[in-house]
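For clarity, chains are labelled A, B, C and D in written order, and residue numbers in each chain start from 1.
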Amino acid sequence: MASASTPSGVIPPVCTPFTPERELDVASLERLCAFLLDAGVAGLFVGGSTGEAAYLTDDLRTRVLQAVVGFAAGQVPVVAGAIDMTTTRVIAHARAAQKHGADGLVATAPFYSPTHPAEIAVHFRAIRRAVDLPLLAYDIPTAVHTKLPSDLVGELAADGVLAGLKDSSGNIDGFRAAIGATAGVPSFRAYTGSEVHADLALVAGGHGIVPGLGNVDPAGFVRLYEAARRGDWPAAMAEQDRLRRLFALVGVGDGRMGLYSSAIGAFKAALRMRGVITHATTSLPMIPLDDRELASVARHLEEAGLR
Amino acid sequence: MASASTPSGVIPPVCTPFTPERELDVASLERLCAFLLDAGVAGLFVGGSTGEAAYLTDDLRTRVLQAVVGFAAGQVPVVAGAIDMTTTRVIAHARAAQKHGADGLVATAPFYSPTHPAEIAVHFRAIRRAVDLPLLAYDIPTAVHTKLPSDLVGELAADGVLAGLKDSSGNIDGFRAAIGATAGVPSFRAYTGSEVHADLALVAGGHGIVPGLGNVDPAGFVRLYEAARRGDWPAAMAEQDRLRRLFALVGVGDGRMGLYSSAIGAFKAALRMRGVITHATTSLPMIPLDDRELASVARHLEEAGLR
Amino acid sequence: MASASTPSGVIPPVCTPFTPERELDVASLERLCAFLLDAGVAGLFVGGSTGEAAYLTDDLRTRVLQAVVGFAAGQVPVVAGAIDMTTTRVIAHARAAQKHGADGLVATAPFYSPTHPAEIAVHFRAIRRAVDLPLLAYDIPTAVHTKLPSDLVGELAADGVLAGLKDSSGNIDGFRAAIGATAGVPSFRAYTGSEVHADLALVAGGHGIVPGLGNVDPAGFVRLYEAARRGDWPAAMAEQDRLRRLFALVGVGDGRMGLYSSAIGAFKAALRMRGVITHATTSLPMIPLDDRELASVARHLEEAGLR
Amino acid sequence: MASASTPSGVIPPVCTPFTPERELDVASLERLCAFLLDAGVAGLFVGGSTGEAAYLTDDLRTRVLQAVVGFAAGQVPVVAGAIDMTTTRVIAHARAAQKHGADGLVATAPFYSPTHPAEIAVHFRAIRRAVDLPLLAYDIPTAVHTKLPSDLVGELAADGVLAGLKDSSGNIDGFRAAIGATAGVPSFRAYTGSEVHADLALVAGGHGIVPGLGNVDPAGFVRLYEAARRGDWPAAMAEQDRLRRLFALVGVGDGRMGLYSSAIGAFKAALRMRGVITHATTSLPMIPLDDRELASVARHLEEAGLR
């Protein structure tokens, strides 16, 4: 069971634009894909946390994937999240994604019930056995309430189960430990999901970035990545510094709603303000941003030179 | 929008028996329902955490519900869990449950992304609006990582959104606060999901018990409930004391696997040892109990007078 | 090494009144002791969390203890908190407390560095060996970030190390488990530190109550305890219900300050309003209550019939 | 109120050697200071977590500080931890440290009772007002269970309250945010307490390292720092990589004892094996390492080329 590599570079987790009635807005989704591809991203990640995967019915997930695969038309690989609570449910999503043209899969540790590393290993092994696509582990403790142990990542990489890692844990020590633990598997790809220490993650040997904020400013993240690739750390850090300040827009609604609701609302509002998508509607039960919060999003865009 | 009451008493969250190939074992499921009804339970809760709902495909969830509704045949109400991450996905399960004969619904707060009370309110209101069945809120912070605020429960009860609460938070102060906050809604039903302080929850005004361990010893929980109802607290507490000791069987595998995996494995092993179900198979990625752990389950049954 | 019993009943953790310059206000402290003794408390607990022990210099702790021991003059036992991070520091406080007339000691698990049950056992054994006074374990995870395992409490009780437990964990299942684990030591005393489920803790076999709110309404807690002792649960629960509502005063400043700062400020403000102490000053770095918050304290007192 | 700077570079938190009877072993302490100074450290930090400050009586803290100040004799600055629960107690330690020759102070946020940023601000301001020495904030959430907000650090730096930060939070995003928030105060010094991402902390603009492991291999950390200072990131990262592997020795006893007990035991055992100190005795209630664990420490030293 050989694992192909997913590409190095910036692979944004694509937002899912809706109409005000919460139908899929395919035209906006295609404009968003074009916007990302124009900026030079290396792949597209559909059905991630930023794509509101947890909020979409199975049918809607499939339609989003079909639209993105169709639009990308082979220009860059499309990887698909198979986000669900446990093994059998994840496998069902993974099979649907394979059927609809995904080039790779992204799955988290099991969640809902408290879990254990022995169960996480069974989980990823069963998914990989069921669907023959490169499988990336998605380490996102804020959602699944488990941190993937780096030695387990190393073991599953060595066994050809995992082709890569998307690390959204915020823990750069663990990211580095995972890179160390997979050093014997040259095809393995370690991506950071961090918007705010992407530069350090690349210093530490990461292969790419999967930033939610990359929807709003894909060119910025591509510049950061390219600077890092040519070893120009001052340029990479200057870009990171600008993006760190921009990233503060995720908190515009925090307190009045959850941070996720605020972040997705801010990403979509920013995309609307930048003329990429038509509506900033988010899924139920998220709370819409109010006028004051939208004004704050606009200010963040201006300060980052994006408006 | 008037909310009918669900019954007072013991409503066990029914285990889901499998064949060794992880197919639904309908004969075992029917024997389990008979075993529970014989013991005098007031209702059956299908698709809860103990029923491995988080581990079942949509199709399997439906077949379990159909089997239980069919077997119960109106003798007691059947309430169905609609366990999923967010509003739209929960509504899809809720509609399926209504179609297949559920008498009530059980839903948690949204999970996966961090949430907020304002979003929890939107969530329950949207579910209730979408499906006209009594709706019980399932407060299970170990799974969803939010505690339902008691004042929100009160508000949603007053508005006819929530017909009841299943409190598996382990926090008896919060349970009591929820009972206080819903005192103005006489039809509201507050159930404890605790196996170990059911007596105190009834002292504090609770209407019933939804105990996972009630699969293994339904007669014990019915005795506890009946003693409490007639005000015989010493008898209720003596029964509780025996059940507390029995409940220690949930930990037989803990450390080698997660506590949930250990608990469900122990419940099913106990049901097999008691002759109720045929196999103790659990869902992927749970770890099966080993011989030493099974022997410990057997000892717990013996000490509780169940073998 | 035989452990004497501490008394059953209500043992309030005595507040420490200050002058506006944060000097000890001995006259107010004596009036507070008189107020508590008049209400029928079974003992006085000096140097607990409510007494701001963590905020007092060693010298001030000693002067508080001397004042209370002197005023109590043997009418009831005085137990003293020896609150500090680790064994040797706790022993120093314990020796000082013994020298100044304490009848018993209260110590938490070690804190600051993360700890382990094996270390907690060494800790209590060393304290008990160093100072020959009845030793109560103080289980307060919100402060020390460890929950005392009930089996460890049982082991240390059986060995004569612990004479009792003050359980401020909020976890009534653990309280009950500790009572079960110490059933073989008839002299052992299990107190709840909960203001809001004292009735249930007594139902479950507890010997007494150590309520911070007992400074404000000692008579209420004594009534609750006496009703429970004579088996009049409806009366105990009615009293508990009133005290639960009163206890909400602890949150008057929450959000603008920490909950502890709010609670201690509210207790002292209430004692001043009831004419027991002269000033409501709290220790640095706590934030004083503002006028709106003080008005809320007053309202809570009125609603509880205390003003 | 002007704040002098503490030096850039490596400032190890000095271990406290004991005799087997847990008396201070002054000769070992002086040999340890000589070992650190020979390696080129920029300062000595006495009374930190690694120095078992939380475990030492006031008298012992003073004797440790006197010994180190006397030995250092002005060659490098000596900063002293004033580790205690709340403001008044910290001020007492700070005054003692000033009296006995400390060149700077290190204090954490208040702990024991849950706290709030408004209280943390009052705390540091009061300490700074009470003792005229450069004051470093010690951000150590594993001990004090609060994360210092970076904007608060910025505000206190701007007001001359804080002269620096020791960040042992493990959160490099927060470290970077604190550096950003204090950019307007050129004398401010930001140290990382991380043994495993010191290189990245220096990439991100940190001024120095305060590593517990720096007791065992001070030369390694000085090499890392010097490489970073001259911009030789590959050399810095290679050194970091070796030190990361060495740092695994902190876990030799974990599980049988707490991680802190294991780490301090391992540091002291390594120092004994390297011939620097005479005994590896730790404070009560820590658990001593056993032979298997000591052999593991020896192996780690060998693999790091230190034995």
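By definition in this document, a residue touches a chain if its C-beta (ideal position, glycine included) is under 8 Å from a C-beta of that chain, and two chains touch if they have at least 3 such contacts.
Keep in mind the model is a prediction, meaning the values are calculated, not measured.
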item: Co-neighbours of subunit B and subunit A - touch as defined; value: none
item: Farthest chain (mean CA position) relative to subunit A; value: C
item: Interface with more contacting C-beta pairs, comparing C-D to A-D; value: C-D
item: Separation of mean Cα positions, subunit C and subunit A [Å, integer]; value: 50
item: Distance between chain centroids, defined by C-alpha means - subunit A, subunit D (Å); value: 37
item: Numbers and ranges of subunit D residues touching at least 2 other chains; value: none
item: Topology of the chain contact graph, where touching chains are joined (line, ring, star, complete, other); value: ring
item: Interchain contacts, given as pairs of chains that touch; value: A-B, A-D, B-C, C-D
item: Residues of subunit D defined as touching subunit C within the complex; value: 49, 54-58, 83, 85-89, 92, 110-116, 118-123, 126, 142-145, 256-261, 283-287
item: Contact set on subunit B toward subunit C in their complex; value: 170-173, 176, 180, 194, 196-197, 200, 203-204, 233, 237, 241, 244
